[in-house]
């Protein structure tokens, strides 16, 4: 007989510059539900959505609407870092709902006083970049770099992860340049940067979206030739789908992150195939990082639901228990959670390449398995480092 | 009379007052002495500098040179609103009324401005004791039947009447009227005359007016300006008889 | 019975009964937000309707109160200073008033549309400041976990108490504004809106009045800001960014920027549209819908929804419109 | 009628919101000047504005030389040949005197910028002053000049002598008489009875939004009772 | 002492050039805004949207035709027409009610932003410059400098001088100022004021379109740029004085210089300096540096 419907609320950024990634994230949710035939143990699964514009206040408002008004049993989202912190905090007010992360990657969400019913099956910003620091020292032989970054928490986390292993491996950072959010003319920063290798071996750039495009093209305009490693956002879909001359500057850039377009991984290819089949022209040519993260989290929820046969009694006691112990193969490989309900998973080191059809894609150079929340330093040592900021970390000189 | 005593007695003393707009000298070294209770007219062709003189006395324009003193006190540097508190009130040649407020509220703001406290915030205007003053005031300027109309809906002439009413809200020591009769109909001009005659004797009045019927009848003394300078001073009869002034200002009217 | 008296009774009843007919979302997120956000809008309407100065910095002033409350009650990551909550709240409201006064000082010699531009720029300056400054504003992250106080066992953060707290404060602010505009001070403000030179010639200190008006508006916005902070339990630069700043204006216009009641009507409608527009139109394009609704109001009812209602009432009652203390056509405001 | 009158106003009604201000005004005028007098707030300005298309009328019509102009936009009314001197001067504050005149002036035509400067030498002296930086009387001269420069068929003047010095008033009276002689129509609203009667022989009195009386200058000047009744004048003028 | 000698003059020269070229871009964007605001007292909050639209149109056309100049022309025409349509269909109904017009344009900008997002997505676009300008020119002290950026200065000069001539050497400028002072009176003098206003609005909008193409070539465009350039235009005009073209130039210079020097020497508060300048100017001259007293 028909069981009670289980409602999944998808929260993503559907307004403003991050609307495209937000929409792709929700495609991930839809795809996962579809994969289970829209039903778990006789419970029809219904998906409802709400939008934010990247502002935590708005994200909270939408989450409340999904949970308190529309009665979402399970929440998937949100997309960006500070929204995630806010939603994880809201989760504590709503023990009767299970929250899974969407795409957000702030460290604090699952590190500082984490909520019992908030789960993140994707890796976060510092995890994404941790392997890269080591890689550039060991494989590229760079031991002195400059960093150019936007001045807010996500880039801090990315630099934090990167430097944690980079310094350990013997690298030094010549200088960090933080540019205020909202700036788009980088010429005056560029005037201070080395244009060619010499004393400095390379540049680590953490700028998102059009800022990355602006920076890279202005740097090239001024004749800059330093090799570039990028934060995860420098090579995401919004940048790779750039139109115009800046495209030519992207191939060759190194970066790291949880996905790689050309990964030779069965789970990934299967996911891409499924995505392309289901969405056809409506979706992006290839699923974005956000589609993958939302998909992974939704899939985790559905797997756990399946395990408990849709039992949501007692404030989702069984479901939350199942989620905590869940291990499965996501599009990027095996995932599991630690005691903070934060994923441990694989990270790729990628290089941007131009495909045969002219589009740009991430080519995997290396895959690092089981990167955990503590970046392999162990909880004690990691907690010693403190939270990332402009000045933390800095390589001991 | 000793000089000091004269100073004491003058209501308004203007000395060497000058105002330049770029190269143009709108008011050029004008000196005036107006006794308390005197009614004085300032006549002069268009652009002679009459309004500019008023602007400086009332503080709306800083003078380029010269001094102004009121009842023996130098007010040259005082801000306009301080001068009001010293007892100066004026009307504007172009009516400035509060369009969004009713006639009654317009008058009430004027009454409050004179007596204070101006920024009282605890009691509503309806329960303020001095609110009653608005009725008689409106009566005086012929607006009694328009008390509740918003000022923006008054006709031009009615706005002139309101303009006058706001200046009369409180008996000032020095009243400056800039063409009070302009825009008034014949009937309202007569009321104006009557009202001017009724003003308390200790009030000092200076009047700019092109309507000679009013200008010459309502005053004791006339000052004539021309091109920013003082051209002549005298009783109305003397002025009316002055041929130069007839030529440059009055035309055949004065004959 | 006049429209006003009838409405007063109806509104009072609705406010009292509302919590018992709605779920927690409608109680807090719609009701609480309408009242708190509406109070911020009220400060804008007050300034615009009665002083002719359209300030887009009201969200900023509210943000100052919010940040101050957070700073003094919920220190985060080494930023902040824990104080007893009454002290914290007094400080927060004092700082908001001060911020209002300072913005008033900056804008004191401007009018109408020029004030709008300058206050918008001030608002954006504050936004960038909060974003870049870590010592006081904790930068991009801001403050999280800011809970309202528990007084004598009553948790003001719980939905019902929070709602009533918001309602009481909103009613007080509204009544306060209605009162002030009919005092000599309020009349002087309106005089300043219409003809500042004349007001000065009547013995009023015009710049002082302007600055005081901003200060008063700052105080009201501060109350709204604290309610807004508690509603979200946190504050960050996003709370004072361009979007929320414009939201205040949008809500004011929706409700009618010529009358204080418009503030809450506007805040309510805005909150509803903001939350539910996504249901009316496929998930991508609901911002177009919001924009169009807003445009339609600006085009067809310059005095907003309250204006519509008042005109409808006037027609229905068959009488010529009685003039209220606020000018009926807000079309000229801000000129 | 054989030929259409220059201006005919027929049953004109105007409302401001719910207040009825013009109650069916009817008048006709040819090239001979016509003056309208009346107490404050009787609707004279409203009539002028309604003729110009600056306030909407809700009944009746206005014709210029037989051509219906009511309902048209103000600029079309002006182009049809009416020059308007508004009450309260309404000069453009950010235009200099010279710019005002050049804005409307045409090189050909009866009135040229040079002729204006000849007529009002004061304006020539102040040609660089901005509209807001003029004395009241200078503004009034400018407002009159602006209308003259259009070289209209009909001049509608709303209290054009307000704020002018007596010599200038005389001068304006001269100019208006000359205009009357040159075949240009004139509708003059005046508070100054002397001016009204000197310029035109035909006088209308407006009261409460209606033409209450039509008479000639001599009658009005000589009949105290009549003046008293319509204008509220008690003493002799 | 040592520190003084230590100044990196090359850096200083480059940063100064950067400031100049950024100022040029700001001026180009703000000129249309200043024109519309100064002459018609319309605070066109959709100016940023027109900028963005111009950039997208310029991109499409120059990609399709391979000609950058055609891109500019198309943007000028299309965005100019869009501006005219905005004036005719919405703003003319509320002429003289500046607040309402500002609000209406806010509404328009919300809708426009959403529709452009639907059409062009969230990616960053860059318009290909003609080959000739993608080179370097030697500059004393600074070493060498990108031609593309220097080109901005040229554009700013051309646009600035053109506007100045239009406003000060033709009757149009007079007409518009008069229309703003007292629209109804101007109509009563026989001027078709609505038509004049549509014309001005089209020119102002067209300038925004051109600015979009230029900005999209030297930097890039993506959603969100609309608000950014609206804000910069606002500040430029506030600082420089409304309606004054030389004022806009000076305003742009001050704002851009503050931003670039700030970014180079004290990056953290670079953006805040801009606002500090604004407040300082206002405190001394509320009508802006070259603005006429209101």
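For clarity, chains are labelled A, B, C, D and E in written order, and residue numbers in each chain start from 1.
Here, a residue touches a chain if its C-beta (ideal position, glycine included) is under 8 Å from a C-beta of that chain, and two chains touch if they have at least 3 such contacts.
Chain identities (UniProt): B = Amino acid/amide ABC transporter ATP-binding protein 1, HAAT family; C = Amino acid/amide ABC transporter membrane protein 2, HAAT family; D = Amino acid/amide ABC transporter ATP-binding protein 2, HAAT family; E = Amino acid/amide ABC transporter membrane protein 1, HAAT family.
Just so we're clear, the structure is a prediction, and the values are computed from it rather than from any experiment.
Using the average of C-alpha coordinates as each chain's centre, B ends up farthest from chain E.
When the interfaces D-E and A-C are ranked by how many C-beta pairs touch across them, A-C comes first.
Note on chain placement: the centre of chain A and the centre of chain C lie 37 Å apart, centres being C-alpha means. With each centre defined as the average position of its C-alpha atoms, the distance from chain C to chain E rounds to 31 Å. Chain centres here are Cα means. That of chain B falls 29 Å from that of chain D. Note on chain placement: the centre of chain B and the centre of chain C lie 43 Å apart, centres being C-alpha means. None of the residues of chain B touches two or more other chains. Of all residues in chain A, those that touch two or more other chains are 15, 19, 151, 180, 182. Residue positions of chain C touching 2 or more other chains, listed in rising order: 128, 132, 284, 287. By the touch criterion stated above, chain B contacts chain C in their complex at residues 58, 60, 80-81, 84-85, 89-90, 92, 96-102, 105-106, 108-110, 112-114, 116-126, 128, 148, 150-151, 166, 169. Contact residues of chain D toward chain E in the complex are 52-54, 73-75, 77-79, 84, 86, 90, 92-95, 99-100, 102-104, 131, 146-147, 150. Interface residues of chain E facing chain A in the complex, by the touch rule stated above, are 11, 14-15, 18-19, 21-22, 59, 63, 114, 117, 121-129, 134, 136, 144, 146, 148-149, 219-225, 228, 259-261, 263-264, 267-271. For chain C in complex with chain B, the touching residues are 179-180, 182-188, 190-191, 193-195, 197-206, 209, 212, 323, 327. The part of chain E that touches chain C in the complex is made up of residues 41, 43, 90, 93-94, 96-100, 102-104, 106-111, 113-115, 118, 227, 231, 234-235, 237-238, 242, 268-269, 271-272, 274-276, 278-279, 282-283, 286, 294.
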